[in-house]
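In the two complexes that follow, subunit A is the common piece, with subunit B as its partner first and subunit C second.
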Partner chain A sequence: MADREQVSRAALAWLLAAQVIILLPHSVHAPLWLWAVWLWVVLWRWQIFRGAWGFPSLVLRVGMMAVLGGGLLLSYGVKFDMTAMVGLLLAGFVLKLLELKGRRDLLVTIYLGYFVAATQFLFHLGPLAGLYGSLSLIALTATLVAANQSLLSHRFWPSFRQASILLAQAVPLMLVLFLAVPRTGALWSVPSDERAAMTGISNSMSPGDIGALAQSNALAFRVTFDEGAVPPPEDRYWRGLVFSYFDGRQWRPSRRQEAPELANWDRASTAQWRKLLDPVGSPVSYSVMLEPTGQRWLFALPAPTDWDDALGIGHEMRLLRREPVQQRMAYQVTSHTDYRFQAGGLANWEREQELQLPQDFNPQTRARARQWAQEAGSEQMLINRLLAHYRAHFRYTLRPQTLGRNTVDDFLWQSQEGFCEHFASSFVFFMRAAGIPARVVVGYLGATQNPVEDYWSVRQRDAHAWAEVWLRGRGWVRFDPTAAVAPERVEGGLDSSLSSTDAQMLERGFGANLALVQRLQLRWDAFNYQWHRWVLGYDQDQQSQFLEDWLGGDELWRIALAVMSAGAMLVLGLLLSILWRQRPQYAYPADRQWARVERKLKRAGWTRQPGETPRSLAHRLGRSSPSLGRTLAHIAQLYELVSYADNRSALAELRAEASGFRPPKRSLSGANEYL
Partner chain B sequence: MRDFVQAIVNEISQVLLGKEDKIKLALACLLSDGHLLIEDLPGMGKTTLSHALARVMGLSYQRVQFTSDMLPADIIGVSVFDRDKGRFSFHPGPVFTQLLLADEINRTTPKTQSALLEAMEERQVTVEGETRKLEEPFFVIATQNPLSQMGTFPLPESQLDRFLMRISLGYPSADAEREMLLGGDPRRQLASLTPRLKPAQLPKIKQAAEQVKTSDSLLDYLQRLIHHTRQSPDFPSGLSPRGALALLRVAKTWAFMHGRSYVIAEDLQTLIPSVVGHRIAPSSAGSESHEHTLITELLNAVDVVGA
Partner chain C sequence: MRVSPILKSWFWAWVSRRAPRAASVRLRHKSIYVLPTAQGWGFLLVIALLWVLGTNYENNLILGATFLLLSLMVVSVVHAFRNLSGLTLSVVRTHPAFAGEFAEFDVLLEAAPGSRHDALRLGWDRLLMIEADVPAGAQRSVALSHKARRRGWLVPERLRIQSVYPLGFFRAWSWVQLDGAALVYPAPRPTDLSPQSRISHDEGTELSRENQEEFQGFRVYQAGSPLAHVAWKHYAREQGMHLKDYSGYQSEQVWLDWDALPGLDQESRLSRLCYWAVAYGKTSAQFGLRLPGQTVAQGGGTAHQRAVLKALAVYGLPEATAQGSGRNG
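For the complex of A and B:
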C-alpha cells in the first residue's frame, strides 16, 4: 500500500527542520508554550520512530486538540481575530506530526506546511521576510524531495540541493507570473490587526504626546519629489491633522472635522472647495509612500491643489482616505507652498468653531490676551508681541515640568519650557482668547534625504505641532511659535534644536555615530524603499505602467505574445545549449583537422568507413582518383605523425593541408571504388 | 630494421612461397617473446614455417609430434635410475630447448597439453619435486588442425590465451603454388637456410620494441576497440586486459619491425585478427568464418578517428 509506506528518516528530519523554520517567525505573536508543545510532539515522534512508543489513540488525540484549543483560548481570549486563527493553524500543523503514519500523511502535512509558511506574510512584509519565506519554501520542498526518495536514503543534504535547484528553476516562471498576470485586488481581505500598536500621530493632542513621539526613530513616510523641485526647509510642513476643539487639556478635531462624509470626495464638491483656495507661484509635485498608520488622514504640504482621485479633501485642507491606512500606501500630490486659503472670510459656524475655548480654564491667559489685544494696534502686532514673549523667556525641551490644571496658564507664565505642542497649544489658546480665529495643526516638519536613492524620509521624530491663524484679508496663515524659540528646529531638524541631555533621549538606532553603520543603514533603507515600491507596491497601475514601458501596452495579446516569445527564446536557448554540448569534441588536434578533411570529402561525395584509417582511405580512393589518393596519402601521413608520433611540428602542415584540401567531385564512374 | 626483417622474410619465403604476411606475423610474435599457434589443415606448410623460423632465428629447436597416447613425461622428461651411480638421473624431455615445435598439439589429451602449457606460462617445469628452469629464450610454436577434424581435443580458452598469436596460413596463391610445384619439395631446402639472427640479439630487439611510442590517440582507439568487444552483444566474451596488453605488445614490435618509432592504428588493425581472434571466439567449433566475421565487424564498427 503506497499510502502506508514508511516515512524515511531523511524526510522526517526535513519535516522537523521545516517546522522550526516555519514556526520561528510566528514566535513574535504566537504563545511561547506552542514551542513546548512542539518539543513534546517531536519527542513523541522520535519515540515512535524508534519503535518505543505507539501512535496516540483517537481519544488521546481529541483530548490533545481540546487542551490545545483551551490553551489558545486562554492566550488569545474569546476574540477570534487573525492572530488567533493563525495560532490555531500552527497548533494543528504541530500536532499533525503525531498522525503521520505513512507517505500520504506526510504529503498532506507538507502541503499544509506551504499554507502555514504563507501566513508569515500576514505579519512581516519586508525583504528579509521575503528571503525567509524562500527559505521555508526550500525546506518544505526538500521534505517533499526526501519523501519521494528511497527509504534507504539517509542522506540529508542532497534533498536541500535538489529543492534549491528546483525552486531556482521556477524563478523565471515566478517572475513572469508576477509581472504579467493581471493584478486583481485581494480575493479576500485580511481582517486588520487592531491590536497592533502603530506609532504615529493620534487623533488628539495633549501635552507630552508629540514629545513622546519625538523619541521614536520609526519611519512615518517617504517622499519622492518630481523633477527634484524640493521646497526649502521652512516650507517642509507636512500637514496631517487640524485640531479646532480644546477641552482644557486635549486638542481634538471638531465634530465637523471628524466626520468623513463632510469631506469633499467627488468632483463637484471638490470644485466648490477649490474656490476657497488661491494658489500662488509654482507647484511642487511629489509622491508619498506612507507607512501604515491605522488612520484615515494623509500628509501633504499645504496647499494641495491636485491629488489622486481616490482621495478626498476635508474642508480644513487635509487629505483623507476612505479606509484607514492598514498597509503601506503610495499617493501622488501636487502642492502650491505659496497660497491663500479662505482669504474671503469665514462662515459664522466656522468662526465660532475656531474661536471655541473651554469655559473655566486658564483665566490668567484669557485676561492677558484681552489686555494685549487692546494694547496692540493690529492682529499682526499682537502676534509679534506674543512671539517676542516666547523668544525672550522660553526654553525648548523634551522634558518640561508637569503642568497643572490650567496648562496654558502654567506654561505661558510659569514654567516657560516645553515642546512644540505646548507652544502651539498656548499660542492658539492665546489667539482665540484675543478674539482671533486660530487652530492647532499637527503633522511633520522636515525631511531627511537619503543620498543613495533620491527620496526623502520623514520619521516620527519629525512630528510637530504648529498654529494657523486666520487674518482678515490674508486667510489662514501659518505661525510656528516653536520657531520663535528654537529656529534651528525648522532649519536643521530636531537634533540641532535640543540640548545634549535632551538629545540623548532620542532614539537614534545602534551606532548612529559610526559613519559606516550610518551608510549601511541608509543603503538598507533605500533597498527597503525599492522593495516596497516595486515588489509590495506592484499594483494594477504599476503593472500597466510596466507593461506600457516594456511592451507598449497592457492588452492581453501583448502579454501572451511576450510570454510566448520569452518561452520560445528559452526553449531555443536550451536547444542551442544541448546542440552545443553535443557538438563533436575532438580530444586531439589531429582529429579536428582530419574531420575537416572528411567533411570536405563528404561534400564531394566520398565517405570513409568508420574502420578505415586515413591511409587505407587514401589507398581506396586512390584507385578511383590517383591524384586524390596522393593528396590524401600525404595528409594521412601527416595525420599519423601528429596523432601517433606526437609530432607537433607536423600539425601546422596538417592544418595547412586540411584547409587547402580541395577534393575532386566524385564522378558516377567512381562507383566501382569498392571493387 | 626494415631491411633486416625483409631479409628474414625473404629467407623463409624460399621454403614457404607467397606467404610474406604470415611470415611477418609469425616473426612479430616471436620477437614479442610470445608463443605462436598455427592453425590450418594438414599440408599447408605449418611445420615448414616453424622449422624455417627456428633455423633463420638461429635457435636450437626440438620437434614433438603430439599423438593421442602421449604422456607429459614424453615432453618434460623423466628420471631414470642409474645403477652405476646408484641414484636417479634426469633425462630432459624435448621441452628443454629454445624453440619447441609442438606439432598437432590438439591431437593429444588435455593432460599432456597442459603439461606443455604450464611450461609455456611458467618457463619452468617441475619434475619429481625439483623445479627446472627452461632455456632462455623459450618459444613454442604449436600447430593444430581445425577443430572439426577427427581425433582432436580442443584447447580450452585459458590455454589458448597462453598463445600470443594464432595465425592460419591458407592456400597459396596460384603463382606461388606454380612456383612451388616447379621447385620441388620445400622441406629439403630447409637445411640450406642460413641463420639471420643470433639468440643474443633477441633481448635487444625486445628492449628496442618496448621503446616504441603509443600515443594517447592510439590508446583511445585501442580502448574503443576493447570497449566494443565488451559492449556488443555479438561477442561471446570481451577482450581481457591481458589480451589488450598482448595486442599492444605485438603492435609495438610490429611498428619496430617496420622501422617506425610509433604505433599507428593500422598496426592494430593488421594484428587484431591474429592476436584477438582466438581470445574472443575460441570455443565454437568450426567457427573460423564466424570469428572472421566478428573481427571484421569489430574493425568496421569502431571509428579509427576520435570523435
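For the complex of A and C:
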C-alpha cells in the first residue's frame, strides 16, 4: 500500500490546528518557550513541505530532545510528577511533527494527541473545560478523518463535519458507559501534585492570615441542607481546625491533635471519649461539596453526630479524611448544633494542653488576666468583662496596624483594631492566662443561598476564627469575640461589617453591582454546582445508587447487559437510518408497485431478464405457468394504465393486485425459461 | 495462517452464496464484512491507557473522554459499513489483452441514494488496488487491471473492494463477482518463418509482382475505404468520390496458415500466428486465417484483425470457457 503512505495536505493542516487547540490549555503549567519551540517546528515543517529543507537527522533529533528535556528540567525542577510527565508528552507531541514522514507517523502523532488532549482535564475541570476538551477531540478526530480520506480530495471542512457527526453519534453510548462502567477507585496511589497552590485555611494561624484569605472570593464549599432545615445564621459556624498550641506568634494544632492515630475511623466506635458528646435537640442533615484543599480536614457544623463511612473524627469533634482532598469531594453529615461536650471534666493532659502558654510573651496581658480573674466572681463574669472591653474600644478592620513581638499585648492594650484572628487569638490567650481552658477554632462563618438552585455557598471570604472555652458543668462553649465588635459579621456576612474603604479590598465577582450580571452569575454558579455535583462528583456511591435505581442492582452482569444493549441499540439504530436513507427511490408510483411484484417473483424463483417489459415478462412466464401469466398480464396492463395513461383509479387497483400477488414457486422442470 | 483446504473451500462457497455473480452488484449487508485493523487495536490501547489515567486520578472528565472515544470506535464500525453499503458495481467494458499482459476492465461505481463513498480501494490484486471516491448521487468509472495469464476468455475471480474510511479503526470489505469477461489473445511470439501458405502465394502472383504500385483504374468509393486511396482530384472536379485502384494491393493477399508451421505444438503455433496477425494488422494487407476446422476469410482493418485474434484466442477451448461468462454463477 505504498501510495497510502503519503500524508495529505488536509491532514497536516488539521494536525497543526489540533496542536494549537491542545497546547493552549496546557499553558497554565507548560513553560512559555514551548510555544516558541512549536512555532519553530511548524516553520521547519513548512520548509520541508516546500522542499526547501530536509527532515532532521537522527543525531539532530536526539539532540533536540535532550535540549528540550533539559529545558523542561529547568522549568519543572527535578521532581518527576504528573505535571512534568505531561510537559514531556507535550514536547514529544510537538517534536513528532518533524519526523512525520508517512501515514504511520501521522497516526502515532494523532494517538499521542488524544492522550495529551485528555491530560488537560488534570488541570481544568469546569464545564467550560469540558466544552473545550470536546473541541480538541473534534479537531483530532477531523485529523484522523483527513488522514483516511483519499488523496484525491483536499477537502478541509468536510472532515471536520464528519468528525462532529461521528462524535455526536457517540455521545449516547458514552453517557451509558459513564454512568454504568464500574468505578474501581485508584489502581495505585499517584503522587499528589503539590504544585497546585490551593487557597484556603492552612494548618496554622498568624496575625493577618485570615484577613488575607477574606479578600478572596473563591469558593470553599457548597452545602445542601436536607429538607430545607437551615440552621439560623448564628449557628452557621463551620468548624475545620482546632488550634491548642501557641508559640507567641502562631497558633497551631498540638502534637497530639495532629497525630492521626488518635483519630477515630470507626463511625460506630464505642471509644470512651466518643461518649463525652451529649447531643441536645433536633439534628440537622446536610451534604457538603468541598473544593480541593490539599488538606486532611473537613468542615462541619458542631457537633457532628453522623457522617460518611470513609471519614474519621478527631478528639475535638472535627471530621477528618485519611488522604488530602485533592479533588472536589462530597460528604454527608448530620450535626446537633445544640450539644454538651466534655461537660464532665477534662483529662489532665487535656487540661494542660488547653492551658498552654509560651513563656515570656505578653506579660501585660498575663498580669491583667490574673487581676481580672480575682476581681470577677465567676468565669462567665470574667468573659463578659473582656467582651465588654472589646465592644467599648475595638475596631473591626482588614487593615490593622502591624503588631510587635507581644502580639496580644499590642492588640489588646494599644492598637485595638484587627480582624477575627486577632480577636480570637487574644481572647484565648487571655482566658488561658486567667486559668480557663480555651482554644482557637478556625473555619468559616456564614453561607450565601443561591436562589436558582437550592444550595448555599461558602466562600474564602467567609473564613473566620473564633474561640471555644471550657466551662465547668457546661463543657466546651463557643465564644466569638468578633461578634462583640461587629455583630453584623455574624448576621450579614463580611460586607456589612466592614467600613466602605475596607470593603473595597474585598474581591468580588465582576459587575457585582449590576442586577442582571449578578443574576447571570448566580445562574452560572448554579450550573457550575450541578456540573460539579453530577459530573465531577459522580463516584462509586452515586454510581451504585444510580445502578440500584435503574438496573435494580450493581452486579457485573447487569452492567454488562445494560452496556451491551445500549451499544447494540446504537449500532442497530444507525444501521436502520442508513438503510432507510439508501432505500430505493421511485419517480413514479407505479414503479414502486412493480418493484414489489418483481421482488415477490424473485423470491419464488422467477427473474426478469434485462430489457424485458412487464408485458413481455408476463408473456414469457405464461408459457411455463399459464395462471401466473394471466395474473401478470393483468398487472402489466394496470402498470401501463397508471404509468402512461395517468389513470388514478388503476393505481389503487394496481396496489391491491401487487399486495395480493402470490406467484407459484418455480419448479425445477421449468428451468427452460431462458430458452 | 494455515487453514485446511476443506474449510477454505467451504468458506469461499459460503461467500459466493451470499454474493452471487451478476452483471451489476449492489453491496448489501449480506456481503459486507467488517473487522478491526491494526490501527483499531492501537486506538484501543490508547483508550486503555486513558482509562488507567482517569481511574487513578479519579478524574471524571478523563473517564468521560475515554468513554467517548470507546463509543466513537463503536460508531465507526457502522460508518465503515455505510461507506460500502448501497454502492453498485458493474462492468461496462472490457479491453482485450495479450497473454502475459494486463486486461483492463472498466468498472462503473454508482453511489447509493443520498450517500457518498470515500476512499474506496478495489482490485483483484492487493498490489494493484485502485482508489476512488464516489460523491453522493454520482457515478465514477475506474479502470481495473487484471493479469492475463492464459489466452481465452478471462473471467475474473472475486473482485475485492474495501475501505477504512472514516477513522481507519475498521476495514469494511466485500467480494464481488461481476459478469464480464475480457478476451486474452495468445502472447505474440516473433518468428522468421512466415506462416503464409503456398496457396495464398499463387493467388497473389497473378498480377505483376515486380511493379506492385501499378495503377489499375478507378473504383467507386465505399465507406471505410482508406482515405489515402481516394482520387481527390476527381472529387475536386465534382466527379464523385472514387478510389484509385492499384494492382499491388491485390498481391498482398495472404493466408496465415496453421499448416505452414510444422513441428510446433498448438500454443507455439497460435503465438506465431498471433505475431503475424499483429504484424499484418499494421499494414494494409488483406489477410485471412486458416485453423484446423476453422477459417477466417481474408480482409483488412481493425475489426477484421480483432476477429482473427479472437479466433486465435479461443481456438480449441471448450465451448463454456470460449463463450466467456455464462449465467452459471
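Definition applied: the second predicted complex is superposed on the first by the 540 of 675 C-alpha atoms of A that agree within 3 Å, B and C clash if a C-alpha of one lies under 4 Å from a C-alpha of the other, contacts with A are read in each partner's own complex, and residues count from 1 in each chain.
Going forward, a contact is a pair of C-beta atoms (placed from the backbone, for glycine too) under 8 Å apart; a residue touches a chain by one contact, two chains touch by 3 or more.
Bear in mind that the values here come from a model prediction, so they are computed numbers and not experimental data.
Look at A:M174: by the touch rule set out above, it reaches subunit C but stays clear of subunit B. Legend: residue contacts after superposition of the two complexes on their common chain; A:W40 is shown touching neither subunit B nor subunit C. When the two complexes are overlaid on their common chain A, residue A:T141 makes contact with subunit C while staying clear of subunit B. In the superposition on chain A, contact of A:Q585 is made with both subunit B and subunit C. Using the contact criterion defined above for the overlaid structures, shared-chain residue A:L107 touches subunit C, although it does not reach subunit B. Here subunit B and subunit C are compared by how many residues of subunit A each touches, and C touches more. Contacts of A:Y644 after superposition on the shared chain: subunit B is touched, whereas subunit C is not.
In the superposed model, A:P610 lies in contact with both subunit B and subunit C.
Judged by the document's definition of touching, subunit A residues 584-585, 610 lie at the interface with subunit B and also at the interface with subunit C. By the touch rule above, subunit C contacts subunit A in their complex via residues 23, 29, 39, 42-43, 46, 49-50, 52-72, 74-79, 81-82, 85-86, 112-115, 118-120, 129, 131-133, 164-168, 327. Those residues of subunit A lying in contact with subunit B across their complex are 584-588, 590-591, 594-595, 598, 609-616, 640, 643-646.
Subunit A meets subunit C in the complex at residues 1, 3, 82, 107, 111, 114-115, 117-119, 121-122, 125, 129-130, 133, 137, 141, 144-145, 147-153, 162, 166-167, 169-174, 177-178, 181, 183-188, 190, 327, 535-539, 567, 570-571, 574-575, 578-579, 581-585, 610, 674. Residues 213-218, 220, 260-266, 269, 299-307 of subunit B are the ones that touch subunit A when the two sit in their complex.
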